[in-house]
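Below are two complexes that have chain A in common, paired first with chain B and then with chain C.
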Partner chain A sequence: MIRVDNITKTFPGAERHAVDRVTFNVNEGNICVFAGPSGCGKTTILRMINRLIEPDEGEIFINGENARTMNPATLRRTIGYVIQQIGLLPHRTIEQNVAIVPGLLKWPRDKTRKRVLELLEMVGLDPGEVGRKYPHQLSGGQMQRVGVARAMAADPPIMLMDEPFGAVDPIVRVRLQDEFLHLQQAFKKTICFVTHDINEAIKMGDYLVILNAGRIIQMGTPIEVLTSPADAFVRDLLGDDRGVKILDLTRSGSLMEPANALPESPGRNGCTVQAVQPVKIALEMMMKKNADQVGVCEGETIVGILTWNGIKEHINRVSGDGS
Partner chain B sequence: MDIFMDSLLRRAPGYLPEHLQLVIIPMAIAILISLPAGIIVTRPGYRRYAEKVMALFNTAQTIPPLAVIAIFFPFLGLGYGPAILALTIYALLPIARNTIAAISSVPEDVKEAARGMGMTPKEVLFHVELPLSVPVIMAGIKTSAVLTVSTAVLAALVGGKGMGAVIFAGINFFRPELILAGTIYIGMMAVILERLISLAEYMLVPAHIK
Partner chain C sequence: MNFPGFILNNTGLVYEYTLNHIALVVTVLVLSLLLWTAVGLVISRYDRMAEAVIGLGNVVFCIPSISLFGLFMTVPGLGLGRRTATLVLVLYAMMPLVRSVYMGVKSVDPAVIDAGKGMGMTGLQVLFKIQVPMAWPMVFAGIRVAVVLITGIATMATFIGEKNLGRLIHQGITRGNADMIFAGAVIVSIIALLLDHIMGRIQRKIISPGLRFQAGEQ
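Then we have the complex of A and B:
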C-alpha cells in the first residue's frame, strides 16, 4: 500500500540527515508505528508521505504510484492526516471542520452533511451537542475526536497520525486508543502512526519501526521487537519491564497446559481467565486470589490451566537474559 | 455664544465634504495598496522580508504627520494632490503593519492541518489565513482612519483645504470659536468613522470571536 524506498532528507543548515536511507513497506489494513526519541526523524518521514516535506533522495510509492508524480493537494485529499495539535480551524464550527475535505472534493451538500453526522457519532460525539460549537468550546479529548473524524471524513484508505493522542491526559488517552483500535477493526485503514511513547507503540502497532537519529534501528511486530531487541538502544527504549510487556501481548491460551493433561481440577476458587485475554490478566488474578494457577476458559468451558511456573519459564525463555 | 453657533452651524459645515474627501481617498488608496502588500510579504517565498518590512513600517510610523507633509512639500509643492499623497503614505503604515502581523500570527498548526488536508496555498489564504486575520486588519484600518481624520487638518497648511482651513483661520485671526467648531467636527468625524468601521468589523469577523 505504501512503499518507501531509500529516502533521505537533510534540512538546510543541519549537520546530519534528518532521515537517512529509510526503506519500509506498510501493508494494507495495518497500523505501522514509528517510534523513537524526539529528533529521530519519525515526523519527517510521515510528512514526506503526504509531501508536506519533499525527500532529497529516494521514492515513495502509494498504491504503486510514485508520490512525486501526483499533485500534492490531490494526494493529500486522499490521505487522512491527524496531528498532535489537532489544528482545527478556530473560525469554523465542528461540523464545518469535519466537512473540510468533502468540501474540497466538492461533495454534494446533503451527502457531506450525512457523512459529518455519521462521523461525529462514530467517534463518540453527540452531533446535536457539539456540531454547532466552535473548537475552543470543546475539551481536549473532544477536540482529538473531532481531529480523527475530520481525517476520516472522505473515507481515505490511508491515514497519517502524528501523536494523535499526545495532548490529552493519560486516562482519556487510553480510552481514545481503545476506541480507535475498535474503529480500526471495522475500517481496516492503512495507517502510519508516530509516537514517542513505546507503550502506545506496542499497543497500537501491527508493525513497529524503531528509529534513532534518522535511521531505522529495528523493524518487526511488537512481539518480535520485545522478544529480540536489536541492540542496547532498543532495549533501553522498551524499558526494564520488557517481560511484563510481553505478557501483555501474549494470550493466556498460548501458554496454558491443556486441561486433560492435568490431574487436578483447574479453576478452583472460580479463578479463570479467557484464553484470548493477555497473560497479564491471569497474573493479576493469581496475585489477588493468592493462587499459583488459574483456569483458562473458552467461553464457559475450561480448556486448560496456566501456572505461575509456566509463565516464569516463558519470560526467561523469551527475554533470553534470565531477567 | 451667537458667534460660536454661527461658526459651528454656518461657517464650518461647508468644509466637511472637503475634509471627508481628504480622509476617504487616502484611506481607499492605502487599503488597496497595503492589503495586497501585506499578503505578498507573508507568502512562504517572501517571508524572510516580512520582518524587515515590519521594522521599516514601525520606524516610519514614528515620524510625526507634520514632518511627513514637510518632507514632501519641497518635492510636490502645495495643493490638494500633495496633501492626498502625504496622507496616503501616512495611512498605509498601520494597515500594512497590522496585515503582516495578523497573517504571520495565524497558528502554524492550523495552517499545517489545512495544507495536510489538501488545501492549495490559495485555499489556505482565503479559507484560513484571511478570515483569522480580519480582527487585527480591521483594527489597523480603524487606527489609520482615526489618524487620518486628525492628520488631514494639517493638509490646510499645504493648501489642501478641509476642516484645517477653519481651525487655522481661527488660530491666525484669533477667533477661538472657529477653532472650537472645527475641532468639534473633527472629533465627531473620528468617532462616527470609528463606529462605522467597528460595525463593518463586527459583520466581517469570524463567528467564534463574537
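Then we have the complex of A and C:
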C-alpha cells in the first residue's frame, strides 16, 4: 500500500540527516507505528508521505504510484491527516470543519451533510449538540474526536496520524485509543501512526518502526520487538517492564497446559480467564485470589490451566537475558 | 460657550463642510482598504518585502501631516484640493492597515495552516479559507484605528484648499472664536465615532463567532 524506498532528508543548516536512508512498507489495513525520541525523524517521515516535506533522495510509492508524480494537493485529499495540535479551523463550526475535505473534493451538499452527521456519531459525538458549535467551545477530548472525524471525512484509504491523542489527559487518551482501535477493526484503514509513547506504540501497532537519529533501528511486530530488542537503545525505549508488556500481548490460551493433560479438575478455585485474554489478566486474577494457577476458558468450557510457573518460564525464555 | 448656537446660525456652511469632510474620509477609506489590504496580503506571502514596506509606512506616519500636505501640493498635477488631500490621507492609512493585515495573516496558528495543507488545500485556499478569515479580528482593529485617524487628520487638508470641518477649526483659531473651534471639533469627533460604530457593526457581521473571544467580545 505504502512503499518507502531509501528516503533521506536533511534540513537546511542541520548537522545531520533528519531522516537517513529509511526503507519500509506498510501493508494494507495495518497500523504501522513510528516510535522514537523527539528528533528521531518520525514526524518528518510522516510528512514526506503526503509531501508536506519533500525527500532529498529516495522514492515513496502509494498504491504503486510514485508520490512525486502526483499533484500534492490532490494526493493529500486522498490521505487522512491528524496532528497533535488538531488544527481545527476556529472560525468554522464543527460540522464545517468535518466537511472541509468533501468540500475540496466538491461533493454535493446533501452527500457531505449526511457524511458529516454519520462521522460525528461514529466518533462518539452528538451532532445535534456539537455540530453548530465552534472549536473553542469543545473540550480537548471532543476536539481530538473531531480531528479524527475530519480526517476520515472523504473515506481515505490511508491515514497519517501524528501523536493524534497526545494533547489529552491519560484517561481520555486510553478511551480514544480503544475507540479508535474499535473503528479500525471495522474500517481497516492503512495507517501510519507517530508516537513517542512506547506503550501507545505497542498498543496501537500491528507493526513497529523504531527510530533514532533519523535511522531505523528495528522493525517488526510488537511482540517481535519486545521479545528480541535489537540493541540497548531499543531495550531502554521499551523500559524495564518488557516482560510485563509481553504478558499483555500474549494470549492466555497460548501459555496454558491443555485440560486433558491435567491430573485434577482445573477450575477448582473458580477463577478463570478467557483464552483470548492477555496473560496479564490471568496474573491479576492469581494475585487477587492468592492462587498460583487459573483455569482458562473458551466461552463456558474450561480448556486448560495457566500456572505461575508456566508464566515465569515463558518470560525467562523470551526475554531472560540475565539483565 | 455656545457652539450649538454657532452651528444653528451657520447651518448651510456647517452642512457643506460636514459633507465635504465625510466625502473625503469615505473616499480615502475605500481607496486605502483596496490598496493596503492587497499590499498587506502580498507582503505576507513575500517576507523579504514586508520589512521594507512596513518600514515605509512607519516613516510616512512619522512625518507631520501639515508638511506632507504642503509637500505633495507642490508636485505637478496634484496641486491644491481633493486630489492631494486624498493621496496624503491614503498614505497615512498605510501604517495601521498594512501592518494589521500583515500581522493578522502572520499570527494565524501554524498548526491550523498545517492541517489545511495536510487536507489538500492549495496555497490560495489556505490564504482565503484560513489565513484571511482568521486575520479579520486584527485587520478590523487596524481599520478602526485608520478610520479615526483619517477623520482627524483630514482637518489639516483645509490648508491645501479643502473646504471641510478643519476650516471651522482653523478660522476659529485665527479669529479667536471658541464656539467655531468647538463646533468643528465636536462634529469631527461625532463623524469619527459614527464611522467607528459602523465599522463595529460590520465587524460583528464578518468575524466568525468562533473568533469572537479573540476580538475581545463576549
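In this section, the second predicted complex is superposed on the first by the 321 of 323 C-alpha atoms of A that agree within 3 Å, B and C clash if a C-alpha of one lies under 4 Å from a C-alpha of the other, contacts with A are read in each partner's own complex, and residues count from 1 in each chain.
Note that a residue touches a chain if its C-beta (ideal position, glycine included) is under 8 Å from a C-beta of that chain, and two chains touch if they have at least 3 such contacts.
What you see is a predicted model, and the numbers here were worked out from it, not measured in a lab.
> After the match on chain A, would you call chain B and chain C a fit or a clash?
Pair status: clash.
> Report for A:Y81: first if it touches chain B alone, second if chain C alone, otherwise both or neither.
The answer is both, since A:Y81 touches chain B and chain C.
> Let me test your reading of the model: by the given contact rule, A:H136 touches which partner, first (chain B), second (chain C), both or neither?
both
> May I ask you to decide whether A:A232 touches chain B, chain C, both, or neither, giving the answer as first, second, both or neither?
The answer is neither, since A:A232 touches no partner chain.
> Does chain B (first) or chain C (second) touch A:I171, or do both, or does neither?
neither
> Based on the A-chain superposition described above, do chain B and chain C contact any of the same residues on chain A, and if so which?
50, 52, 73-78, 81, 83, 85-91, 93, 100-101, 104, 134-136, 150-151, 160
> Help me check something: in the complex, which residues belonging to chain A touch chain B?
Answer in residue numbers: 50, 52, 73-78, 81, 83, 85-91, 93, 100-101, 104, 134-136, 150-151, 160.
> Quick check: in the complex, which residue numbers of chain B touch chain A?
Chain B residues touching chain A: 107, 109-120, 123, 127-128, 131-132, 206-209.
> Show me the residue ranges of chain A that touch chain C in the complex, using the header's touch definition.
Its residues touching chain C are 50, 52, 73-78, 81, 83, 85-93, 100-101, 104, 134-136, 150-151, 160.
> Which positions of chain C touch chain A when the two form their complex?
Answer in residue numbers: 109, 111-122, 125, 129-130, 133-134, 136, 207-211, 213-214.
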